[in-house]
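Naming follows writing order (A, B, C, D, E, F and G), and every chain is counted from residue 1.
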């Protein structure tokens, strides 16, 4: 069982190794496998809990879709909004730290959503309370400090994708 | 068709913008007022320097230079984490 | 870019470097706190290393001392040695950086022990405590 | 032809990134406190580093005059971009949490501080 | 008085140096488009397959100088680092690092933890790539070790030092790995001598490729891949040594102060 | 088959033995194993250095260069062993063997002996590397090896306030000093375009083209002046010449006694070796006119500083109550005398300096080690508190007295002859005032030693110690060193003829040094 | 047109200001941040001087390891330098 767990980590490591080396000579291809297996052996216990999920093609396609959506639409909107605020001479900001509920359980899901939130300008996860399933988000434009508004505005867009990828 | 002049001119336009941004970050680092402010500015400066280094590598036509950028990104993150831990906890190792 | 401007800029950076050396020497010798002394020492060694690299630089367009052709002919090698910067100072500095790092780490450990024994890192107080 | 497209797209991304960077730096200087500056830093890092890195990778792939080593440059750029994408938010979050916990930075002006109401970072 | 004297002396030295530098020494400097003849000698011999008796067979001139032309410097440079580590260990001798094993509630938040965990294999790939390409592109054993050293440091800071102990990476084990790396370096230093003893020919310490009167050379190629003889061995062993050397230092540095004070108390210094 | 490989083998083999030692700490805990390991290593070092000495003095009769990796000199690193290096090498290895033998006794009941031995081996490798190397940058690296090992050993008693304070002072200033030497090297490389000592020596004497590095590339006059100033600052720190001596009286007494012996007897001498190398081989009075001027100014300055060292240190010796501190001040005084003599520039002066170096090294090691035994028994370093301890230990007291007498210059011990040579050298070169300095400082030192001997032996014991058994484990190295002092004294004329005369004449003829390197270059296809 | 010398001068001026701030700053954590900034400026300078090997070894040591070790030290001792 442990040996199978190596595979997803090894694939990730191998891709990084080859991309970073920038060459596909025999030397790199062979040594890349060695390095990948080594890294997988050392770290698979820490990283992988369910091999089936990690190797599923469907989840991978959802990850790609999410990446495309996130990197083009979500980021673009958020950037545009914040740039307007910075360049506006009056600087219309309305900041505050608000509770934001979420509905996922998996570690990776929680962290992916949190990182997505932080990476969109305008929202930063300050704290994560796993017991109450709440992010504390510093939001630059607090529309209303109640959980429903914050959930709609901050988390909802990412949660659907992330549930399909990691849950 | 050679793309070299086009690439060089694109890069030539970006370099002054980057330098201006660095100066602004630098002012924030000097002004502070708190430690997290400074670290945040150092952080942003270093991550932007990653781009700048790779772009300079292309500009100088030295394709082996940019390997540096990855290490810069890694250690900048580490620097953030060290400061965060310093502010948060009583012992750095605990 | 004109040559005069280049000379001015190179001299400006050299003088800044020398100023860094001076400031860090001041930090080592005159600041009382040992941590501050260590920070100044790291900057001092860095500046010395940068000086060495600067001595081995050559006027652009120059390339790093890495040959990009794995099966070079004589012309490739000639072209390479006509444009690459001096590799020897880089190798020396590589050695010097590691050596400086090792010594500084040991100094940090000693400073920690100083704090354990004296309860302070102020050089003046340490001298007074000895009595 | 494909190289030309790559270089143009990459150059556009690079220029956008540089401008984002400048705006982020400007925001760093205009915003009133640490927590608001975090957002400006996000503009500086994601808009000012991630996208131009993709652009730089495209330019590198398109610049044939660099020889086979252009894959190396592009690979470095892609790996750095990936690293920045996962590391920068974690770093920002860690700093924000530490600043809130150690009370180094103030949150005012604010609409609400629910974290403070719930007893702060434990 | 002594201090003012020192400051004055340093200022004098600084001014003298400045006077020299401002004129750029009258020799080759950063503004000249030529380098010293010795540098030319390095650059033109670092990879020259047509002169097999006078080349380091590595396109990376800096790595070639560091481990081949001037390998002795680097051998003793690792010795300096090693002795610094030994000095630190000597300060912490008899301090039990496993005391005070605490459970949860340590370290930073979940987000940072997960991201750092994901970083481990990525970092291993990057570091080993830098080490294995040390003779081809910028990088090498020490650079790779320094890039890898971010991992023990981050793990200590993000998860607390007990996480490393749970992974069985104790001070003793790290030191043993470091010694294995260093012993590998030492063996590679003497490898040409051993080969030459077997074959009954002449060889030099730290020799890499064949020389005029020393026909012992480590292989420069495996198949079609350039491995530059001893350079790849040095790089790999140095990578191992540096990574674990830093691990030792950080494991020592992160021991909690109360524990150290408690264990050191009562020890008398003898004379 | 392997030409002169023993020359290249010595320091790398030592450091390789230090590298492998921690692997054993996982499995073996017995102290005896580490004792034997360290003794084996130091014995091998002594054998190798003695063989090198034999090669240089009797087989080749000229300097020998060993190229590492088979690279011809300015490209690669050479170890170049001339008479001076061989002489210092044997001296260091012999005293280090005695020190590690003494450590076997000294370290009983002390924890951390495995790390102690590792650092001691590193220290020895560093010292031998320093004297063997023929490359200016390699000298920097070896100085750092030496310094790091010395810092680690000085702070070996981690709970001693004195040791830790001395350690932080020593390491901070030491790091600055070596960095300053590195800056000096940057100037040397910037103008000479090379780092090989023989190459620099050749060019600084106006020689023509050297293989691979060709002509000088910059203004070597100014660069040499700056480099000399900076490197002399660094080396006078290592050699503890006034005004850079202030770390020594703290650092040397705070270390464990065998290490004090090594620091005072040997490490300081490495600084002196480096000064000699720079002032006679690399540059010299016979180099280009402007450089020679600088060298002669540096020499005059060093004479003054040496005289100051001798006077100040000997005056301070008298007021010390701490026995190890007293001995440490005596080191500064003797270093001052050696520096004066070697800066005169005459053949006699060099001979006297070299002779006194060895005599002082052996005598100081013996003195520290004997005093260490008394301190261990008395349980204190204060002279007043250890009154009469020597009466319980006649043999140790005897070696202590012998060391003191040799350092003070009583015939027929070795110290007498070297002081005589010093005196002759001073008079010979018209520096009668320095002879006065010699006499005055010796008189002060005599007062201090009388205080020491009176306290340790002649004063009535204040506390009853019962019967103290003297152990052969520490008496053996003491006896060997004492015998060496007597032998060096009795055979003084032979020693001067056989060793010092060839050494000094070779030192004054640096072209021999250059030609040895040139031969290697030719052999390797330059 | 080559920008090496211009960028070099800018980075050295940055480094000078950072060094000065680091030396005169009384709060040691801020001094550490300034010294990291100085290291980043030096990194750019070394990069411009075409020394990627040095940058690879210099950057981890001065941006990562020194600040970490000094922060460990400060955490275990005192935070403010008294003048």
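In the analysis below, a contact is a pair of C-beta atoms (placed from the backbone, for glycine too) under 8 Å apart; a residue touches a chain by one contact, two chains touch by 3 or more.
Because the structure is predicted, anything quoted here is derived from the model rather than measured.
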item: For chain A and chain F, chains touching each; value: E
item: Taking each chain's C-alpha mean as its centre, the one farthest from chain G; value: F
item: Inter-chain centre distance, chain B versus chain E - centres from mean C-alpha coordinates, in Å; value: 25
item: Inter-centroid spacing, chain G versus chain D (mean Cα positions, whole Å); value: 21
item: Centroid distance [mean C-alpha coordinates] between chain G and chain B, Å; value: 13
item: Chain E: positions in contact with at least two other chains; value: 17, 28-30, 36, 38, 42, 60, 62, 69-70, 73, 77, 80, 83-84, 87, 91, 108-109, 111-112, 115-116, 118-119, 122, 126, 130, 137-139, 142-143, 146-147, 150, 153, 157, 249, 253-254, 257, 264
item: Touching two or more other chains - residues of chain D; value: 24, 26, 38, 67, 69-70, 72-73, 76, 79, 82-83, 86-90, 92-94, 96-97, 121
item: Multi-partner residues of chain C (each touching 2 or more other chains); value: 6, 10, 25-26, 38, 54-55, 57, 60-66, 68, 84-85, 88, 90, 92, 94-95, 98-99, 101-106, 108, 110-113
item: For the chain E and chain D complex, residues of the former touching the latter; value: 108-109, 111-112, 115-116, 118-119, 122, 126, 137
item: Touch list for chain G against partner chain E, complex; value: 49, 52-53, 56-57, 60-61, 64-65, 68-69, 72, 76
item: Residues on chain E engaged by chain G in the complex (per definition of touch); value: 30, 60, 62-63, 130, 138-140, 142-143, 146-147, 149-150, 153, 157, 246, 249-250, 253-254, 257
item: Chain A residues within the chain E interface of the complex; value: 9, 12-14, 16-17, 20-21, 25-27, 31, 35-36, 38-40, 42-43, 46-47, 107-108, 110-111, 114-115, 125, 127-128, 130
item: In the complex with chain C, residue positions of chain F that touch it; value: 137, 140-141, 144, 147-148, 151-152, 155, 158-159, 161-162, 164-165, 167-168, 171-172, 174-176, 178-179, 182-183, 185-186, 189-190, 195
